[in-house]
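Some structures to go through are shown next.
Look at the two complexes coming up: chain A is in both, with chain B in one and chain C in the other.
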Partner chain A sequence: MSAIRHIAVHVFRESVRDKVLYNLVLFALMLMGVSYLLAQLSAGQEIKIIKDLGLAAMSLFGLFIAVFIGIGLVSKEVERRSIYALLAKPIRRQELVIGKYAGLVLTLLVNISVMTVAYYAVLGVMAWVNGSWFKPHWEAPALDPALLKAIAMIGLQLMIVTAVALLFSTFSSPMLAAALTIGLYIVGHFNADLKNFETVVDSRPVVYLARAMYYVLPNLAPFDIKAQIVHGIHVPAGLLLLNTAYAFVYIAALLAAASLIFTRRDFK
Partner chain B sequence: MSRRDRPRVCALALACLLIAAVGLQVVRDRAYAQGASDDRLLYVSSGRVIEKLALSYDAVLADAYWIRALQHYGHEHLKPEGSKSYDLLYPLLDLTTTLDPHFIIAYRFGAPFLAEPKPDGAGRPDLAIALLKKGIGATPDKWDYYHDIGFVYYWHLHDYERAAEWFKRGGDRPGAPWWLKTYAAVMLVRGGDRHASRFMWQQMAQSESAWLREASGRRLMQLDALDQIDALQRASESFTARAGQIASSWEQLIAAGVVRGVPLDPDGAPYLLDAVSGDVGLGRDSTLRPLPTEPAAAPELARAATPPTP
Partner chain C sequence: MFAIETEGLSKNFAIGFWRPRPYRALDSLTLAVEQGETFGFLGPNGAGKTTTLKLLMQLIYPTSGRAEILGKPIGDVGVKRRIGYLPESPYFYDYLTAEELLGYFASLFGYDAVDRRRRVSTLLDEVGIGAERRLPLRKFSKGMLQRVGIAQAVLNDPEVVFLDEPMSGLDPLGRRDVRNLILRLRDRGCTVFFSSHVLADAEALCSRVAILVQGKLVAMGGMSEIHAFHVRGWDLVVGGLSPEVLLKHTGRIRKSARVAPNQYALELPQDPTPDILLRDLMAEGAYLISLNPMRETLEDYFVAQVQKQQSR
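Moving on, here comes the complex of A and B:
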């Protein structure tokens, strides 16, 4: 456990050294700039648009971090040959995989937390400028605590993407791992179509294959509750709980697969 | 150059180069002016396709299309009469609402401007109704959409029975205001009576939405102007009957004591008195032009309003 913690802290420090957290400045500047512009452009919809934009930016920035750092977690160690020094230490390979994953998740969580603070700050300023925390024609208050639910779902989604990136990182090159991870991310938003494949294809085997893929591939679409939250639509607690349980189980499966591959990998 | 001076020299060079780049840009723009970007381009016309391509960023894309719809409307609105074309308004609003089916303002902003006759709107009440029905598909209990459909039938299509039907359906929704059901009754009994119009626009003027309040305020001023024009027309006709000649100017009516001064419309522009026909109308520079085509009174009302012949 202590080895995992040390590796995680090391990955986090490395991310900080790699100036990954600079994106926070970009995020804050973008939100502030956009809020100023939107006041002139959106016909009273600036709060809604800032909410949409802030959540989308958190998701997008997080995705870039998850993919582009995740794919290098293991492969970079192999390329730099620092893997030999690491493996010579009394660390199990599974611990290395889990520690690397935990480190990147820590980076993501710090990112999301800081972005959330900046996000609420900008919304607070906008509400103050508008002279009200809630207006009758807004569907939800400016500083709606329910936004945290959407942010939590973004975090879970990014944790899955990080695990996917790490899995590919254990056996392929960074470029290929990036392509595969982004591919799976896209598929993850489309795969509800796989479930209803019989509406477009007659062949039973193909339908069964599609359905099997639907269950095996990550299903990310249910994590997207941004629009409902922004519109003040109730999101059932059951869905949030099931999403959380699904994310943790799926991540565990991905880490198990990554550990398995990494354990069997020959570095000679 | 010493090592200490190097950063300063670099910063100076950077500033000079940036200034030079800006200067070149200005010179190039003057010499070879580029045409304005084609804001009439829709990029993607299928809402379903763009919704798929948006992955989980559909709400942000909806916002972008919403801003484009506003820009399109504003841009066309400012063009001189005759060159205005709102043909992209519906596709843009359709894309916006496909990407974000709960974007209330897109339905409620879009419908009035789609229904508004040319040149101030697209002159397509059918599309306004289609857009609002799409909104009902996404949020069946939103009474505002039923109200807006009823209003399009009432104000633009003058179909009072349909208007009454939609007002009634809206009034049956949970949380609908009490006055919505009274609209239905008003429609069936009073049809296009100006009092009924005023009552509806007054209700809309209470809206939380600033642009709806503004639009309703303008409509109410137009209704006031219609009342004033009717009164002035009667005054002009009574002068003609008394003097045996058509009043050719306001001065003539002022001298005869029919009006106290040059009458101004609710926005402060003087009314026009046609020297040939004696008809009263809005001044050429009035911001209230064009006046709305009033819904005709329901046949029952018209009969009731007609004084019995002796």
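Moving on, here comes the complex of A and C:
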């Protein structure tokens, strides 16, 4: 456990010192600024636009962090041969995989936290400019605590994407790992269509194949509750719990696969 | 119990993408290294030295055979606590300083913060990294990285240390420092297993050596036991020697060359007592400048072995 903690802290330090990370946070904050400017052009809808754009920006920049740092976690160590000295230390290979994952999740959480604070600050300023925390024609209050539910789901979704990136980085090149991860992220949002493939195709084998893929590929669409939250629609706690349980089980399976591949790999 | 023991250790690598065929990088290596020994693992580039070290560190897995370190199977986490490893041309994290890197590795050994700081500071002093220890490693030269690599290899006071080409990239001063460090490790009772393609390093440090050529062990023993390294003559340089005196002793000299007025470089045949001729020359007014044994170089030996392997 101690080794995992030290490796995770090391990954966090690496990410924090990586200038790309600062740029991403800066871009996220800039986007929120742009959303504020856009809001000036849309009378009465500014709070909703800021909520929409802010959540979308968090999702997008979180995705960049998860993919581009996630794929480098293992492949960079192997490419630069820093892994040789590291694996000679008293650690197991699976501890390295889990430690790396934990470190990147920590980085993601810190980033999402920073973005959340900035997000609420922008919303707070807008509400203050409007002179009210809630207006009847708004669907939800400006500083709606329910936004945290959407942010939590973004966080869980990114944790799955990070585990996918880590899995690919244990056996493929960084470019291929990035392409595969982004591809899987996109497919993950349309995964539900695979479940009902029989309505589109007659062939039984294709339907079975689609059904199998539905269970194997990540199902990310249920995590996207941004629209409901922004429109003030209630999201049941059951869905949030189910999503959380699904995310943890899926991440555990991905990390087990990544550990298995990494443990058997030769570092030539 | 041996410090290191291998039995029939072999490694194949697959070559080619569409129709991969095996390439044998290491072929049935069987050796045993006693505890406290300084063991030189010699061979030309591509002989399989690094492959062997990677197998012992379990960075790669053997195709066949087995290996043990301190009586335990390789890869055992308990054993990893008791060993150190310097990879060939080590590379570390660009954004960390030398202090931070060693601190990180020390934390993986379970040292507490106070012990970590003390160890890191002492070791960096020992390998000659001064104020640079607070600079990011990306600003380090190859030689400085090698010194950091050596420091991380001995961070845990290892019982067995594996050094892959430890002198590589070092200037003469650095080579001397590393040599002294290996001697200190030896004096402390640490087993040192190091690979090199430089015979002089092995001569200065090793109690025993093994020679690997094209993945096969071709010789193992004390330096003096390996026939290839027996003295095959002497290189004597003397001053104050007149041509007349030289002429008198021509029968005892294989070759002579004048290097300065009354100064000659003489090649003497294989003779266990070159001092007799030297004494005779000195009696006639000559004085000694240098006397060195002439051996087949490791390179000569490698070339001969490679040719032998290829002719099979």
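Criterion: the second predicted complex is superposed on the first by the 254 of 268 C-alpha atoms of A that agree within 3 Å, B and C clash if a C-alpha of one lies under 4 Å from a C-alpha of the other, contacts with A are read in each partner's own complex, and residues count from 1 in each chain.
Please note the rule applied: a residue touches a chain if its C-beta (ideal position, glycine included) is under 8 Å from a C-beta of that chain, and two chains touch if they have at least 3 such contacts.
Note that the coordinates shown come from a computational prediction; the quantities given were computed from them, not determined experimentally.
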Putting chain B and chain C on the same copy of chain A, do they fit or clash?
fit
Could you tell me if A:Arg17 is touching chain B, chain C, both of them or neither one (first, second, both, neither)?
second
Quick check on the superposed pair: does A:His231 touch chain B, chain C, both, or neither? Answer first, second, both or neither.
first
Quick check for you: in the superposed arrangement, does A:Arg92 touch first (chain B), second (chain C), both or neither?
second
Quick check for you: in the superposed arrangement, does A:Tyr84 touch first (chain B), second (chain C), both or neither?
second
Three-chain overlay: angle at chain A's Cα centre between chain B and chain C, nearest 10 degrees, stands at 150
Lowest C-alpha to C-alpha distance for chain C against chain B (Å):
20
Note which residues of chain A are touching chain B in the complex, please.
41-45, 48-49, 52-53, 55-56, 59-60, 135-137, 139, 157, 185-186, 189-190, 220-221, 223-224, 226-228, 230-231, 233
For chain B, which residues count as touching chain A in their complex?
52, 55-60, 62-63, 66-67, 70-71, 100, 102, 104-105, 109, 207-211
So in the complex, the part of chain C that touches chain A is made up of which residues?
13, 54, 57-61, 77-78, 80-81, 83-87, 89-93, 95-96, 100, 104-105, 107-110, 149, 152-153
In the complex, chain A residues that touch chain C
2-3, 6-7, 10, 13-14, 17-18, 80-92, 264, 266-268
